[in-house]
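Paired with chain B in one complex and with chain C in the other, chain A is shared by the two complexes that follow.
On to the complex of A and B.
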């Protein structure tokens, strides 16, 4: 896995545009993400974190601005190309997990493989392998309703990883789990980073900041600071990381 | 793992079908409601089509078993009795094998309206039915009756019983046999009498309701020509009204096709009205489905893959609904004798037919019903699923 490089330019996302209830979730955000790094998108509730990582994860489209992934402008992609991107490169862990209710853990994990034509036995094996890695080998047949919050999150992580994505995106991953699970999660993220996966994690939990190579600080839909925490030199930086956001307000 | 390697040699469509089956089983309530809606729409349609086909088949059989020509006289454009003196003339026409006089009328027997047919006993067609009890009518015997089993059951008549026909005062008939008609719709309320007795009952001495002509194969045109010739020779003393087998068959077919057509048309309207209802029903649990579609899209499913699952679901719903409707239609006919539907195709039978309503389940109406169901469920579910799948996943999951 080589990771992926994001270039985000002047991205704005407005909900209910043109109505009295218009919400500007993101305003002219410009920033870059680098391969193999853990980027933490940090900010208080309502700062636009989820919106930004949804755009990075190709789950939504910006109202204006561009996002380039590995040099390709993904904001210009048609829906089939975005779906291909989500399938082949991106894994997403949702804040509320978004597991299919009533479906056993192994099926939830292997669900992204269904349209790829993988046979049931192979899918089950792949799911078992991942769930055992997350200490859920004994929960293969349990639906989400029979799992704890931490277990559900691990199922969701396993599902996000089932396609071996280059990019893993997690939305508020610590908000629904206890401390022990948080430790496990941090270990998992570190391990993935070690394998070259590019991670984007949105959070308002300071504990995750310690894990980050870089922290994007958001407030009120604006990028107010890019904080580089890693002392190691960045690979193939092409001009190096911006110390202050290109289009955001100065801290 | 890349998309291409995963797809190589494997079966994404089979996987999607399996996933659709799982979805149906998982959303049992939604599936049950959709199937129930389809069953409610389809069952009366399949019942009606089966009865229509059954009646048509029996009619065809009756025509096949019947005479080649039915000749009556014409009065003011309607059938009228024909004098028996024509019997011998008709019998002399080259190609005529037999000429048989027949009297047909209706009368109450034990407070039940019966169809009384008078024929020379030897001329009662062997294919008309089978004797269940007793014996057939004997040539030359008088005041004997052969009664349809259903009429006997309802009228409380058994072999050896005597009964009277109110319009034939003073005459008493003895039931000598009970028969099960081959064609239930015509034969259930039938009483066979000798020709002489029936003519007496209806005051038609010296006449017949019609004369049946049985023709040697290949002589139909010649006999028809001879009847026309006879008409000319009579110079207005009688107008013959002739119906041949093909004409009767055409009348029957046209009648049933019309009735089945009217019923189908009514049903097409009902189907059209059912579309909005099924839209509501198949959109049942739509918010949950919309969120699920969002999750699928977010995890890399393509829109067409989501729609394929919905298509399989609709197909399976339709197949289940149509199969269940077929079973219920069979139950409706065989357990409840087609109550409420049969009267549309068989006149004057009342709420519950006194005889086993004929039915034939042909593949075509079932196929039509299945296709209607597929169309309905697809209209109901595919559009809403497409709407959910076409928006960004975040929006669908919201």
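On to the complex of A and C.
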């Protein structure tokens, strides 16, 4: 576990546990991840990808098992502490962007800074800086409905990054954008990886698999394979993964 | 029953409080029982989802009781023309003296308990695993039941109070030489106790403010020392409040009202616009000291240690402000009166 940014041990998630309608979305999944690593969660619909990234993103709690983030067991955290964790350490890019309609791009981006008590001028400046980085400096005052799909996604990425998260989670990030936008997205992910951010990408898209250091194959709620790629060639990286593939052995 | 807009408002608030408080008590007890000492993650999530509604209810409930406190006195004031013999709130309270006395004691206790719950709630939220959650639910159930009793008392009082009850004026009771508030200072300080009592009042408030200031600058690190310090400050606060109460009744209120032989605080808050604030501030100061001492006992946990220290300091800061502001207001009034008298 040493040096791992997160460690997932024997995690099971069951919806409507103990009822006839019980759904086992994840079953005894064990994996870990490291700073500066891109992990792609790959699998068909209903395989448990979204459940897994929701658990990593502290949006939900597992039914059993533990999740450690930076050495702290976040499965024991109460909801207010989870909210603080999401606010300070985790960025989330949703599949449908989840931007606030009718609200200018800069305000959408700066929303996560409001609970931190940052003043409006500082928030606007930080949002402008990020949106310019994503070539949206001319769209600061435009609400989501006046932006293209690709532009909306870039706003969503800027919002996820505005709090300098240690972990960035993206759910199917390439499903609503064209090739040019995909190239920009890949460049952004590579840059974040270089800065030590841990990235989780849930996807069907093979192009994102090529970018990954680790690929988790999920099927029917079980982790059937952990494919470690570039990380295996970086054994000397500080806080890097162990030489043998971490956890997640196929059942 | 005496019907006017204020009595209708306090009855409505009392009825709503009673319903909400009964609901809240049951809700909190049910959650407390279902949670158990070591809940599963799924149960914990389910309970946390229900607590959002509970918190909203609690905030509405506490806000209503806080509104009911000043409204209680405003309503009594509005009854003065309806009660034969009454010249101020004191006269009205004599119509049903036991119940009105009890309600006047219950209201500040309700404020104190509500504040304690809110502080424990905030402390629990600040911790990572919410270790005080069950304790918080138990306290909420207790506070809600207490507020329900207070609201029930209000309803009973204002529904049974009738305009036909004849009472005596405050001057016939509070201005007697044998009044209770004069016995203690006369025994301890002699027949001419005005100047010594006033000096004692300012000295007690200054001494207590100094003690709080010292505690703020030299905050004990070890828990037993801190608890001892908090206990000593709370006792000091109670003593300072007691001295302030006697000083207000015997010297400060009569002087500021310009009625040297009238010793009624109900008239004082009527005649001196900021009189209520001068009286409430030392009470708030004592509550802040008691909140700090109670939190040290109820909120102690390894996860809350650093937050507890921060909360204690803030509460002491509030107490310091309250115990300094009230005598300062009194001193300013005395100086202004002297200056106006001189010109």
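The rule is short, and it goes like this: the second predicted complex is superposed on the first by the 227 of 251 C-alpha atoms of A that agree within 3 Å, B and C clash if a C-alpha of one lies under 4 Å from a C-alpha of the other, contacts with A are read in each partner's own complex, and residues count from 1 in each chain.
What we mean here is this: a contact is a pair of C-beta atoms (placed from the backbone, for glycine too) under 8 Å apart; a residue touches a chain by one contact, two chains touch by 3 or more.
On a predicted model such as this, the values are computed, not experimentally measured, just so you know.
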First (chain B), second (chain C), both or neither: which does A:167 touch? neither
Touch test for A:93: chain B only (first), chain C only (second), both, or neither? neither
Which of the two partners, first being chain B and second being chain C, lies in contact with A:80: first, second, both, or neither? both
Tell me the contact category for A:61 with respect to chain B and chain C: first, second, both or neither. both
For A:17, decide between first (touching chain B), second (touching chain C), both and neither. second
Which superposed partner A:114 touches (first chain B, second chain C, both, neither): first
With both structures superposed, pick whichever of chain B and chain C touches the larger number of chain A residues. B
With the two structures laid over each other on chain A, which partner does A:69 touch: chain B (first), chain C (second), both, or neither? neither
Taking the superposition on A as described, I'd like to know which of chain B and chain C A:103 touches: first, second, both or neither. first
Using the superposition on chain A described above, determine whether A:177 touches chain B (first), chain C (second), both, or neither. neither
Dual-contact residues of chain A (chain B, chain C) 60-61, 79-80
Given the complex with chain B, which residues does chain A contribute to the contact? 54, 57, 59-61, 79-80, 83-84, 86-88, 90, 92, 94, 98, 100, 102-103, 107, 111-120, 159, 163-164
Mind listing the chain C positions that touch chain A in their complex? 40-42, 44-45, 48, 124-130, 133
Applying the document's contact rule, which stretches of chain A touch chain C when the two form their complex? 14, 17, 60-64, 72, 75-81
Can you check the complex and tell me which residues of chain B touch chain A? 1-3, 6-8, 10-12, 15-16, 18-19, 22, 26, 291-292, 294-303, 305, 390, 392-395, 397
